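In what comes next, subunit A is part of two complexes: it sits with subunit B in the first one and with subunit C in the second one.
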Partner chain A sequence: MAPYLIKRIAGLAAVLLVMSFIVFCLQSIIPADPARSLVGPSAPQETVERLREEMGLNDPLLVQYGHFVSRLVEGDLGTSIRTRQPIAEDVLRYGPATLELILAAMVLGTALAFILAFAQATLARSGAIRVGMLTLGSVPIFLTALLLAYFLWFKLGWFPGSGRIDIRRFSGPTGFFVLDGLLLGRPEVTLGALRHLFLPALALSVPIAISVGRSLSSALVDVMRQPYIRTARGKGLSAGHIFLRHGLRNAASAPLAMLGLQVGLMFGNLLIVERVFAWPGLGLYTVQSFATSDLPAILGVALVFGAFYILVTMLVEIAQSLADPRIAL
Partner chain B sequence: MSVSMPSIAAPASAKFSWLRRMGWLERIGLAGVIAITLLAIFGPQLAPFDPMLRVADAYLPPGLPHLFGTDEIGRDLFSRVLLGIRYTWLPGLAVIGIALVIGSAVGVFAGMMGGWVDALFQRIVELFLVLPSTLIAISVVAALGPGLLNTMIAITIFWWPWYARMTRDEVRRIRSRPHVEAARISGVSKTRLMLRYLLPGTVPALLVAATLDVANIILTLSLMSFLGLGLPAPAPELGAMTARSIDSLTVYWWLPILPAVVIFVMSVCANLAGDGVRSALRGA
Partner chain C sequence: MLSIRGLHVRLSRDGRANTVLDGVDLDLAPGEVVALVGESGSGKSTIGLALQGLLPAESQPEISGSIRLSKHEIVGAKAGELRQVRRDLIRSVPQDPMGALNPTMSIGRQMAETGLSPAEVLDWLGRVGLPDPRRIAADMPHRLSGGQRQRVLIAMSMAAKPRVLVADEPTTALDVTVQAQILTLLTDLAREQGTAILFITHDLAVAAELSNRVMVLFGGRVAELGETRAVVKAPAHPYAAGLLSARFDLSSDRGRQLSTLSTERGRTRIEGPHCNYVARCPISTPECSQRRPDLALREDGRRAACFNSDKVPDLLSSARAAPAWPEAIGGNANALELFRIHKSFAGRRKGLFGAKARTRVLSGVDLRIGLGECVALVGESGSGKSTLLRIAAGLVEQDEGDVSWFGGIPPQVVFQDAVAALTPWLTVGEQIGDRLRPLNVSKAEQQRRVAEALELVGIDPALSGALPAELSGGQCQRVTVARAVVVPPKLLLCDEPISAMDVSLAAQTLNLLGTLRRQMGMGMLFVTHDLAAARLIADRIAVLEKGQLVEIGEPDQIISDPQAPYTRTLVSAVPRLVTEEASA
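Up next, the complex of A and B:
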């Protein structure tokens, strides 16, 4: 397994390098001169020239890219125009909220995917479920979010519709409020955080549930037809044991890959859901950066998301090879 | 009389046999797609009011004569949505078309050449497929500056590799068929081999993929529009209309909800029609 992992990690590092190169190229096509914008329009030309030299803006593009990568490795993502803070600090401040939301959406999405797959496998009218999934998959994410907010928050008042928590100026040791409540021994914090998480996580989980559910149900149908399932039944193993050890484990690979892919597709949805529910995470931060054309911040966050996606892809591959040792070959 | 009946009926049923393979929901989807395309082309002429001008009081709820109500400065929402269909549907079709042309050209070329050309091509496509595409498309548009054209370019860049890979795989499959082999041995030129023998064989698979993708493109375009990366403010893009009125959800629900519902209807029709095309071609 080790050489396989090393090979995969090298491949993913290459992808990350490509991403950083794309971001670097995007940054250098902005017409504005960073040195000029730093010293202001009234500064003399010599000052700008000296600063350009100091900032390395006169170096060849490839050298500049080298500097850019070495700064990235040190964790320097540049400075935001809007917040005037290092982008890395902003990411650390808003990141936990987004990570909490992503994890909640993945858990909820996987649970819903199981329900959908079971419904399709056991109910007689699976055609109706197929059309239902097609319809649900056609809803633009902002419509899902708006309808959830309108009915479950505004009309019925079952769940809060904006923010992360009702307690003002709350801050915990980890930044993950669900976890903070447990660590501080304040169950009301955890409960409040979970209630706030529900609507945005549900909106985000719908696309995940549908694509993972589709893939899970077709994989399960395939696996449960296999001869070894019949053998297991013949041996008199319990239905639960057959399903978990023989069925699900063999069917897990494709849905797992789909789950990883969905995390990659989630970022666009994340921006929208955080905007609709005023969730103070990286998505909302990025949307606000769009409004002020804060390109360094947008690209910095994009790079962080990209790295996160690659990490998820790697975890998915490890999970796949745990479920099916043949994959590691 | 009874003898001549089957001979009249038979050609007609053969002509529309593809339609028979579709379910009724899929037929409705196909009809919806045709209707949406007509609305996208002629919608502005059919609009009951001028979509850009104040025609009534602000914030009228849906009713008559303003079917979808009016917006914050008294423009007719229904007329604006009709125009908005054009700004979402036609760019969506254009992106699919361009991606198909680029993808099939690259795919046929790589599939026919084989060897290192094919290997290089495979690596490039794989790279595109592992990159988080929406994320980079958003970054590209943010860097190039918002606008419908930039959005379309950014989405196309990440869409063609899928078609290229599909075409390439199909070509590799068809290449070893007897009729292609016979053509190659009899000295047909490479261009002719590509255009007349390999490309036609890829059409069914590409057609199914492309029709199923229309809904995805519509949703991606409206997502970008929602984020303010599409046309600038006065233009009635559906996603942007929802985004601009999102804070009035609890007071004037029709302003953000109805444009989004129209996007949903477009995307359902496209998905159903895509399923229909798939089942129609399965029997052919």
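Up next, the complex of A and C:
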């Protein structure tokens, strides 16, 4: 395990370095002048020139990249043009909301995936379920999100459709409101946070549920045909015991990989869902940065999500090796 | 104790229901060992599954008849009752131990699942001869060898003290050298606990060694049932006689071909009011196609389903006069020359920065095969024999050493799994014809040569338009041979071509290969783990152990006076038909 972790962390650093280089190149190639956008279009050219000198924008590219990386190492992602705050601080402010949403979507998606897989394995009309899954899977996420918001919030009013919580200016020690409510002994916070989480998490969980559900059900079909399942049946074990103890764990590897892939690729969907539900997270932050061509902020968030993706992949590999002892890390 | 009456089973495959068992009766007494013998597709495994109520649901089994064990009626039993029967009364030992243990659960937990205490688990692991039970119990299945896993599975089954044990070819997937130990272990434990064994096998010699009675199955019907010794000595059904005459061991006559009584199998028609062996039977009469023979009780207490069983002894003696091998053409040149072949494979890296461990597979192997000569390469799994064959074929690059072929012509290879070696969507004729394409022959010439090749291997040239799926496994193997020889090669490499076959098919294939290499003057390398087959097919036997040739020489010399310890184990592992002179 230890050599695996060392290897992976070294890999993480290498990937981040490559990403930082790409991000840096993008920053340098794009014609927008950060100094000009910082001081505004009406400022005199001398001010811009002075600022360029101060920001090191006139240095050779390699030197600039060196500065860029050394700042990154210190946790400095640059300054946002729109909020005029260090991007790292913005990420820390909006990150917990997004992480909470991702976790909720993962839990919901996995639960739905199980239900779909079981339904397909046990119900007689599994063909109908497959058609239903296909239809649901073909609906683009902005439509799912809008339909959920329209019916469950606007029409029926069952769930809140915007923001994280109804309490104004709430802030907790961790930034995860569901957790903060419990830590502060205020169950109404947790409950409110959960109600707000439901719709955006549901919208995000649909693609997870469908892809993980399909991979789980095909893995289960395959596993339940293996000779060791016949051995288990030959021992007179009950069907439920065989399914839980012998089937599920052996079928875990492919759905785990699929879950990791889906979570890692959730970023695009986050932009849409956070925008639709006015969720104050990194997705919404990025959308707003787009609107104001806040390139440093967009690239900073992209770096953070790149690191997140690698981390998720690593966790998936660890989970796979825990499920199957033949996979050695 | 166990009583099967009129068991009929129909199973669906690809939407078509087929009769797999057609009226099987059998009684099993406590502690008795009954062997179930038949070729693949005879329904022998289906009996074992039906006993446990484990017929696969996806083939929509239709079962009628009765299987009674103690107070339980297994046919049509409720799921709960079936589970109880499986847990307490009927256990099984599978054919392939590699897949039969859950790879993600420790051995100990899998043993304890049906209520064994940890102490009992350790006790049983010890009783089946596993060293260090404590370590094995904590281990995961993939860390054990095939033989060890089969011991675990035997412990798992016998610990329940079942009344009946279904052993479905429990040793075919194991190395020859451990087969005998596993069989002894199984029968000893059964004797101690009074467990009856239903022993499923296709080898009459193994049946003869272990069983009290034998039931010969053909096409879902019982062909013959009786005391094993009597059946092996003088079979009363032509199919049993065919099985018996086709089997070979270390005393078979090397000078002539093997006798094969029955003709090439096609699709056997099972249902209907006729003897279902009629299409293959050499002594059939018109009556056989009009009426189904009963399993008649004979004076000697045996039962046989044949109208003409008095003709079977003549059949057996005529079988002894099989044709001699043709004269080998050849010459002094070498078809294959391997010179100091070394090969090792990279393993896992040790630690974070350590070098990758390399496993030596072959170290300094020298081998020459002359034109028209056959060398059999024997060795246990992991000895490197398949790697050597692949290097000889040019499929794997050797690390060191030289490979040279006669005239630089690349060899042809015949693989173990013939069905997998054929492309499923190309017709047989197209696949054979593919090899003629570089020669730029005309279409008509190509067809003529394909037909010639098919005829050479004993397949009706009319089948050249058939897809592999429409042929039997034996026919597929012949097609791969035809593909190999349609452009006559100077060297034919065979990788265990008969190890998945039952005796009659194996005999036919050995005859075919033995004839072809002599007629065409091909050198042949025949990789096998079956010493009896090696002795029959080859002019010389080479023994490979841990990547080195430890012995090479005349077959009978090697077998009568084996030098290397491994060769000695191999010789003693070949099952022999123990019977008083059967020819009479």
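Keep this in mind: the second predicted complex is superposed on the first by the 280 of 329 C-alpha atoms of A that agree within 3 Å, B and C clash if a C-alpha of one lies under 4 Å from a C-alpha of the other, contacts with A are read in each partner's own complex, and residues count from 1 in each chain.
Here, a residue touches a chain if its C-beta (ideal position, glycine included) is under 8 Å from a C-beta of that chain, and two chains touch if they have at least 3 such contacts.
No experiment lies behind these values; they were computed from the predicted model shown.
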| item | value |
| --- | --- |
| Clash or fit, subunit B versus subunit C on superposed subunit A | fit |
| Contacts of A:Gly306 with subunit B and subunit C, given as first, second, both or neither | first |
| Subunit B versus subunit C, judged by how many residues of subunit A each one touches | B |
| Subunit B versus subunit C as contact partner of A:Ile272, first or second or both or neither | first |
| Once both complexes are placed on the shared chain, angle at subunit A toward subunit B and subunit C, C-alpha, multiple of 10 degrees | 70 |
| Touched partner set for A:Leu148, first subunit B, second subunit C, both or neither | neither |
| Partner chain(s) touched by A:Ser238 [first = subunit B, second = subunit C, both, neither] | second |
| Contacts of A:Ala203 with subunit B and subunit C, given as first, second, both or neither | neither |
| Closest Cα approach, subunit C to subunit B, once both complexes are overlaid on chain A (Å) | 5 |
| Residues of subunit A contacting subunit B in one complex and subunit C in the other | none |
| For the subunit B and subunit A complex, residues of the former touching the latter | 25, 127, 130-136, 138-140, 142-144, 215, 219-220, 222-224, 226-229, 239, 242-243, 246, 249-250, 253, 256-257, 260-261, 263-264, 267-268, 270-272, 275 |
| Residue numbers on subunit C that touch subunit A, as the complex places them | 52, 54, 79, 82-88, 91-92, 94, 96, 99-105, 113-114, 140, 142, 153, 156-157, 160, 348, 351-352 |
| Residues of subunit A touching subunit C in the complex | 3, 6-7, 226-228, 230-239, 241, 245-246, 249-250, 323-326, 328 |
| Complex contact set, residues of subunit A against subunit B | 15, 18-19, 22-23, 26-27, 29-30, 131, 134-135, 137-143, 146-147, 149-150, 154, 264-265, 267-269, 271-272, 275-276, 287, 290-291, 293, 295, 298-299, 302, 305-306, 309, 313 |
